């Protein structure tokens, strides 16, 4: 059973929490705790050997913690997600395969696409696909339609798996801290459009990908994980796009695993990740 | 201040330890705990914001822990080491440079060489060098001489920085758990002699290095850290040796940092490393 | 257009070959040449800007090369493969997805499974699946049946995508140099069965995967590519299996890309790979 | 013997060059050729088995190449360098050690420091150190003094090994294509001052280093090589500086090796690197 806690820091937090667990005869087999001293903020992830009813334990933990504490006992082990895509298949197909073989750690409720290109692959995995085609003159209705679908499905997270439209602050604010994006560069380098083209022009010797939570500012949200692969002079911009798919797929998969295993804490514009 | 604890596991260990720290008004800013469930063994490393006298706190912690507990409060922040070498300079030079600029996290008491090749570089850094030349017919006296020098210096650790002689079980047992070796392959591949030659013959696409504690069985001791670098068909066996120096230096440096920062626990033939 | 050539070495090989290309007004935009001096063997891969009829050009190149030369002009850009599997889905699904979206660089003719577990996923991608169930008492017929299916499809390569049966030397010899396997360790470490279990017991700090051509000796064939990922004390043997899937999938995908792009030369027990 | 050639591209370049080598009975054991099709530019690096007098061979090669060709036959195998530093020791010490043990591939003629901090370590390796202290009000004389020292030593390359002053376009233009810098970020991210502080504030999950040739535009010159290491929430900005030293040292060492082995071609704002 996993327990995750986040609150303001104070001497005695670990003692208070572990005291509750010990009284319940719960054995801690893995514990990660981190205090952001600058922010005076406390983060903890505990793996307990036994299971226990979440409700009463949560109450007992809250009783020894400050009012701002976020306490999750045995957070839902299988998250629910909605995936949003455009035309590129690689991240979506990876998610669908893991979903199908039950190794994703989450259930894909549906896929929303602003093109119909990926409808077929969703059908092959019996996952509902909702086309919401983009009329550039009418972003308001475009987002309203997406919002309706998302709201109906009530997912834990929205995963932007190469969704190539920028969502408005209004939309983002409705799902704050719950939208995960894969950006095709090692941020903060090449934020915004056409990162591979710019990487090619700059002559970089590596390209990367960054998975992050989406905030109002484009490509500026809290980073979950990022990685790179080496490139060289033989790569055209198109070759970089192709090579980049591999790292995009891997980085998004890793980020989702970390989030779905309750290893990621967001506080202001950063993450604490207990890998 | 760092506190490291290792003992048999039981419900309530974290509560007991953190209770003592809380009572002393010590704030835990980083905590790593791991239980090896198979072995029923408990490992913990705590970073406390404040300092406190080690003696009384150790006593208070021992009072809440079983008799087999190993408790170290504020373990000596600067370790003392003796380095043993043969003829290759790269690992030694890296250690000497860090020692000289006080970034090693340890003090190099002296260097023992079974060749005199590296005497000069030690002199340039004002580090004593003791030549103990090897008479193959007389391993007993060879090791006795080394033992005398080591014992006189009373180091925390002996670092084999490309020391190309095999030490006898008798010698090793006298410094059990305190001898660190760098082996020039990704163990368990290519244990023993001439790993690069064998790697070349096998046509591997990566070569590596492994830092480990030395035990009676050659290249079989607990692994601290290991890494690899890619190679290809353009590498001769000699080219692999040359490329391997980079990774050997890096892996040994990383292992020493982990050990000197009290992040490495040894139990039976494995390590727990809180990176 | 790609041209690959392999033959015994002699002064003037590059001049002879490039002379032919120049006379045909073909511009070399990328050339990789390597001589294995110990074996006196010559390898070359040329990327020519223009296309040209393969037949006549091959003849002209053969005319300036020794009798043992292997010359391929514009080797079939889309290879044909048969995939063999047991029960694990990850490598197969990755291949099927790339095949489906035409980014594999090869056509999957069919899949042969010694269990029926993966029949369903093949059906979802409209790829024929042939179950050949293994009667341990009758390996001869088991392999004969596989051979019949393979021979009917006449693939360029047989890909063992986590096929967990050892093929007999007789079978292997019929498809010499054309069977590619993914082994779940960084060979030569942990050759044979249960590599993750043994990696766990040894306490290694990294696990890996190796793609290689299959020869008579188990896990001893020419290595195409291999990679590793870090692990630590928190990984159980099962956790290593799970983490290993990611690297197995990535390493096999990379090996197939290299082979399908005609970047891999095999000579005796090694490969030359022009990445 | 190494031969490197760079010129405008045209059909027949490889044939012309290899024809000359073949006529001289020179055997090509390794050849890398690349054409930048967009720029119509030709790059080649040849490793020839035998040695030959450079002068006559250069003439013969020039005779078959266009007037803009840069031809180097057997380029000076040991380059000469001047190193410029400020106060950080790690890159300089690595260079001095390799220089001392004759594995740098270059001779360190002298070190210029705008602080005297590193005078001592140079003395320990018998390398002349020239302090040129910076009067912020007088950059002109500061650079003039440096120029005098550099000019006297006539190095092939100037290596900025954590030299923390920005050199003026005037200075840079005098040594165009011959100044190599190590920047402590994965460019183009965090160009300019305080990259680690900004990396910390952004919450990146990796930090890096980039070795590049210096041009008039700060941190915008042709990139030779770059790499990253993972970081996480436990790293303070200071911790990133410390961890960054390892990657800075490694990246600069790798870049120097590539340059000194004549593997790096610069054309406009990019490099072709035949690794």
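Letters A, B, C and D name the chains as they come in the text, with residue numbers starting at 1 for each one.
As a convention for this text, a contact is a pair of C-beta atoms (placed from the backbone, for glycine too) under 8 Å apart; a residue touches a chain by one contact, two chains touch by 3 or more.
Worth saying up front: this structure is predicted, and the values here are computed from it rather than measured.
Common neighbours of chain A and chain D under the contact rule above are B, C.
A comparison of the B-C and A-C interfaces places the larger number of contacting C-beta pairs at B-C. Between the CA-based centres of chain A and chain C the separation comes to 35 Å, rounded to the whole angstrom. Put simply, the C-alpha centre of chain B and that of chain C have 40 angstrom between them. In chain C, the residues that touch at least two other chains are 30, 34, 234.
Contacts from chain D toward chain C in the complex involve residues 9-16, 18-19, 21-22, 25-35, 37, 49.
Against chain C, in their complex, chain A makes its touches with residues 30, 89-90, 93-94, 97, 100-101, 103, 121, 124-125, 234, 242, 246, 250, 253.
On chain C, the positions that touch chain B within their shared complex are 34, 36, 186-190, 202-206, 222-228, 232-234, 269-273, 275.
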